[in-house]
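The letters A, B and C name the chains in turn, as written, and every chain counts its residues from 1.
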């Protein structure tokens, strides 16, 4: 297990590495989330790209450092793009699966289950999505066994965020309710996890680092911007200027 | 007819019901407007969804409480999605038609006229769009007869907003010119009308409530944010925190 | 050559004409950039439209005053839309080519080279994109000969912006590094160039005016909003209220 200060330091290290290395993160994501996701990545220091065109997605993914697969727009073009992107992933390159809203659509849930077999490093989702992915009656308690079975990291986000690889588990208690009132916040969080994967070999640490950073940014933003419109901008700024002392002072991880 | 204070109270009631019931609003809307529309709905307390994928749109619409059909992106995928969505609407579920920019495209105008025959509860549009829909020489004055003929509510928005079901008419004089300088403001307003339809059986009252709420939010936002960039965020925040006293104090309805 | 004050006055004149004439700018642009581009155009006083539907794009372009072709989303629909749009351009109507990220995709680069033969009035791009367009080893120094050969304006943006038509060259030293941390800022700049083309016959002056205006807006915004989230809104507001004295005081052009 990791003490809060330790994970705060990991988060600070990961943010510093993203800023200095400027990893390229290719995002296959829904049209609602594209701009916000790009701005979160840019604020953190990463370089987003978002094409899904069949002629070029392999080239983009081949020169990217990590990949996000978000199912929020579930059309034939994106499904084909996902197939091409996964085929273009080289050795050691990792990807994040974000199965948005699969509890609302059996077709999307089935597609997410198929993708789970393709080896995502991390699956980030909320409790309803996890229940749909894991088979209907799953709760946070079985996230660890699910992670073990599928050899992935489960990042179960909500009022608090649980990150488990089946052996190690951490719960991040930071964040603010306003994060749920800004569209694409979860999607952007998944993209930040992908950026962290590009600079931190330990996927469990990378996932914790990204979620802790975004949650602490959310807390600090909420102090200055107490409503969702301004908050959407302030959390970007809080992430942009997030430093080690703030992470250490605020991290609440168990 | 309704006095301003009465409609202000209706708007406050409708907003309170949206916050407590969190209605699901499925939006078939243009790619420019998706994120802003989602954020307006979230700020009001509704749950947006936006998929147009043929495999799943029926499932999304079936579990939604209201539907928005916005023609701002007029492609084959969205036309097919609209057909599937309307087919999945159950008894008592209602939808809003927003025929964006139909005065610029004969094909889009014809499609909007066809949709009018499918029974939208509300058509929200500006004067140019109304002229294109009603046949070229229509003005605000004939909105009432148009509404009667097509058994719908016409919400004609602009410097002031006219809402008529053919029998009852109200004109909302609130709002701010900055609302016209933020892309997707009208689209988001139509989505808010859909959210109101999900919680208020009287479609005419629901439409007035949504437009009055957004217009009053615009007025209060303009006081703090006198330019369109910041205004776009502040109106979301003003809607998020809009209360009954503010609505009562500011409503100017005739 | 033009002195800074002279170009500052041209920029002020062009902004005033955009505000008074409200030119229609049709934008074929990527889905990430659509909303931000629309908001920049609206703040400047132009009227954006963004459809790529084959049934109607010709009608939109025919009634538009300028066209933007941005390759940031490079799919079959947009390629078809570009063909239809260029076919619908009347005499004297001009367009801007923004070959986003062509250094990442050979297919996109080839498409951009083909478009170069279709006579864009202006090509706006960064150094990496210019190298990919011009053949791999191109640098800023050869922009002038490239512009002459292809009878276009090259607007090479970065830390400073070089605008050349092969005979006249200017370098705009304004701007702020935060502009690079907001997604779609370059795309929006290209759209503003298109708006300027709609009101200024001299394409070289129009391009300088648009870039200078956006760069000066960026500088003034950065003073109030020192991080990218808020900056994204403030630069819109700075552009909205940009006046001649500010342009004259701040313009640094050589």
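Points to keep in mind about this one:
Just so we're on the same page, a contact is a pair of C-beta atoms (placed from the backbone, for glycine too) under 8 Å apart; a residue touches a chain by one contact, two chains touch by 3 or more.
Bear in mind the structure is a predicted one, so any value in this text is a computation, not a measurement.
If each chain is drawn as a node and touching chains are joined, the picture has every node linked to every other.
The two sequence copies chain A and chain B touch through a face in which the numbers common to both fall below half of the numbers used overall. Taking each chain's centre as the average of its CA atoms, chain A and chain B sit 33 Å apart.
Residue positions 31, 35, 232-233 of chain C are each in touch with at least two other chains.
Against chain C, the residues of chain B that register as touching in their complex are 30-33, 35-36, 72-76, 101, 104-108, 180-184, 227-230, 232-233. Those residues of chain B that touch chain A in the complex are listed here as 31, 34-35, 38-39, 42-43, 48-53, 55-56, 59-60, 63, 77, 232-237, 240-241.
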